[in-house]
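What follows is a single structure, and I will ask about it in a moment.
Chain IDs A, B, C and D follow the sequence of writing; residue 1 opens each chain.
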Amino acid sequence: MEAPDFEERDVGRIVAFTDGVMAVAITLLVLNIEVPRLPGTDERRLEDELADLLPSLLAYLLSFALVGQYWVVHHTLFENLRSFDRALMGLNLTFLALIALVPFASELIDRYEQEPVAAAVFAGILGLAALTNVLMVRYIARRRFLRAPRPGPPEPFPGAVSLAIALVFLLSIPVAYLSVTAAKLLWLLVLVFRYPLRRIGT
Amino acid sequence: MEAPDFEERDVGRIVAFTDGVMAVAITLLVLNIEVPRLPGTDERRLEDELADLLPSLLAYLLSFALVGQYWVVHHTLFENLRSFDRALMGLNLTFLALIALVPFASELIDRYEQEPVAAAVFAGILGLAALTNVLMVRYIARRRFLRAPRPGPPEPFPGAVSLAIALVFLLSIPVAYLSVTAAKLLWLLVLVFRYPLRRIGT
Amino acid sequence: MEAPDFEERDVGRIVAFTDGVMAVAITLLVLNIEVPRLPGTDERRLEDELADLLPSLLAYLLSFALVGQYWVVHHTLFENLRSFDRALMGLNLTFLALIALVPFASELIDRYEQEPVAAAVFAGILGLAALTNVLMVRYIARRRFLRAPRPGPPEPFPGAVSLAIALVFLLSIPVAYLSVTAAKLLWLLVLVFRYPLRRIGT
Amino acid sequence: MEAPDFEERDVGRIVAFTDGVMAVAITLLVLNIEVPRLPGTDERRLEDELADLLPSLLAYLLSFALVGQYWVVHHTLFENLRSFDRALMGLNLTFLALIALVPFASELIDRYEQEPVAAAVFAGILGLAALTNVLMVRYIARRRFLRAPRPGPPEPFPGAVSLAIALVFLLSIPVAYLSVTAAKLLWLLVLVFRYPLRRIGT
């Protein structure tokens, strides 16, 4: 095993940068909910316009929950990380570049809610982000970058949950061309996946 | 009591992510104050236009102060947190999703300052955020996630202040339909609530 | 002396939140430099349009340097802070609300570069932020919130540098009505003020 | 050697502020990818419009990767920093002011992808940022601000990698006037430079 390029001290800074990017990306989601611009002050019309924002609000909540879920997954992965190298850094930046695209993807599915191609782009971005997570989990396991050896038998397939999330998103792409609504229901599934905590690491 | 999913070390990262989201949300509030676009350079007209921004500035200051107050409340709550689990994580993300909506809500009450429905949306978002805080306080107390047992008699109702904030906001919704100004005065009340420091935890 | 409401542990979180708000505000400044929108692809015209952005770039650099300077001043102030209370929290939020207004003020002086009222608003916001700093320095000194007693004779006037910065900005307001350029030159003065490091605290 | 103005404790806060600015700047890059606005819902046209976004996506990925690379370089530089002074603070703020301009520069090369002057501005900003890094490396080496003396023979030229990055960008400026594509290929070179880790410091 060659010496890792970064030490534990650095993991803290990488985590802080990752949290920063995810915090900004998740908060930028709100910019997609546009306050209606009405010429006069017509209360009834404002109520109607606000009711029309409901799909935007749902797209916001869905994207917020998904980025939140990815944050939990990332957090679990880096929790016991002891060291770091350049390849892992590259994978983490790839993950962040995909997460930072979510505000774009979220606006897309909001503006074109019935278009399969919009749903496909959204699912593709989140699916690739989950796949990058799988690669990180497996790389970390292979390079033994974790703080403590895992007690008990080794996990049969590290990153199984990230892989399941990736598969759901990738599967939802063809589904979207049959029914966009069905694809979106599939995405909700991702929110209930529970990452096997304490499997990796401790 | 089943073992918590996250340990104290992790609380730091969750707090950092929370602070990041709140810092971005509070700073995005400024985007609602739009620099006037005048065709020529007419000093008198620029002065008038800037004077017209005063309500926007007040909406900014009010929203900034409210998010700041929620930050203090959240800070007090997490100060002595020892551990964390998935349910608390979900509640915290719900809280953040509501806080990240404040720039939208703030722009809404600024653009439609006399519309009851705009005030109702603002109050609803902040009221729900406070209610989520109440749920977090009670969940933390029930799961004994705090670092030290509280000295002295147990607090009669943990989260009383968050509940009071929530009630003020929810009460202001019907009030807004009688008088938007009265509803806004009610909101100012929230800024003077003092969280009983050192009650939770130490 | 009554017990402080927050302990040293908390100072870290307040500092992190402050840094977050200042980092977002300083980075939002770039949004004021708008990429020109030309109909066709006419290289000569693009060069002209980019040259026209030079004043915007200077406004950006000036505002960036000023927020950076305020960050250094804030950093020096909080470096040896041991504890915190609600009043200091309120002052710090007031300071942040003013700093978060800088992207607005910077866009204003950029769009109306010859208007005294634009310069006055910019100077007013930064002057008030510096005054809030003076109040924080004096409050911290009075409440003995610093980690170590200052060696040697006590500083004659804590916060002298922040006060000087505030005075320069407030003085530049009437100056702007005589000459906007003179007011801007005064602001540059602020960048060369050196905070008496190690005076407060150690 | 005169006493440094800031101690190690402070390095943490400067790093946190730097990470904050870089995290916001890198995430703002996504705002340049604009969701198409189509009048009706015409799936074929939406697919075409999304395909037209491909150059924007590539500009996003390039800029994201470059800012990520600069983050790694900055991280390596500050990893073993023990202390800090005002001059280094000024250099670091200069570096950040240039990094915060990247979202502007990225939008510029995206909108005017065949214009040499757009490529020249992009390369100039990133080249100056790399040069500022060289200055920081050399200043840190000269002031002996690193935690541990370097084992083995001293590095012949500290900051060689940052200098190479700067030279590639500056060289790409005249190249852009011959071929914008050739200039962009040169930029990709920067992504493969490996900073000699553990050379500075440990």
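Criterion: a contact is a pair of C-beta atoms (placed from the backbone, for glycine too) under 8 Å apart; a residue touches a chain by one contact, two chains touch by 3 or more.
From a predicted model like this one, the values you see are computed outputs, not experimental measurements.
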Same vs different contact residues, chain A with chain B, by half of numbers used: different
Angle, in degrees to the nearest 5, of the Cα rotation that carries chain B onto chain D: 180
Separation of mean Cα positions, chain C and chain A [Å, integer]: 35
Centre-of-Cα separation between chain D and chain C, whole angstrom: 25
Where chain C touches two or more other chains at once, by residue number: 16, 20, 23-24, 28
Complex contacts: residues of chain B adjacent to chain A: 5-6, 9-10, 13-14, 16-17, 20-21, 23-25, 28, 86, 89, 93, 96-97, 100-101, 103-104, 107-108, 111-112, 114-118, 121
List of chain B residues in touch with chain C within their complex: 15-16, 19-20, 22-24, 26-31, 33, 35, 37-38, 41, 43, 46-47, 50, 60-61, 64-65, 68, 71-72, 75, 79, 194, 197-198
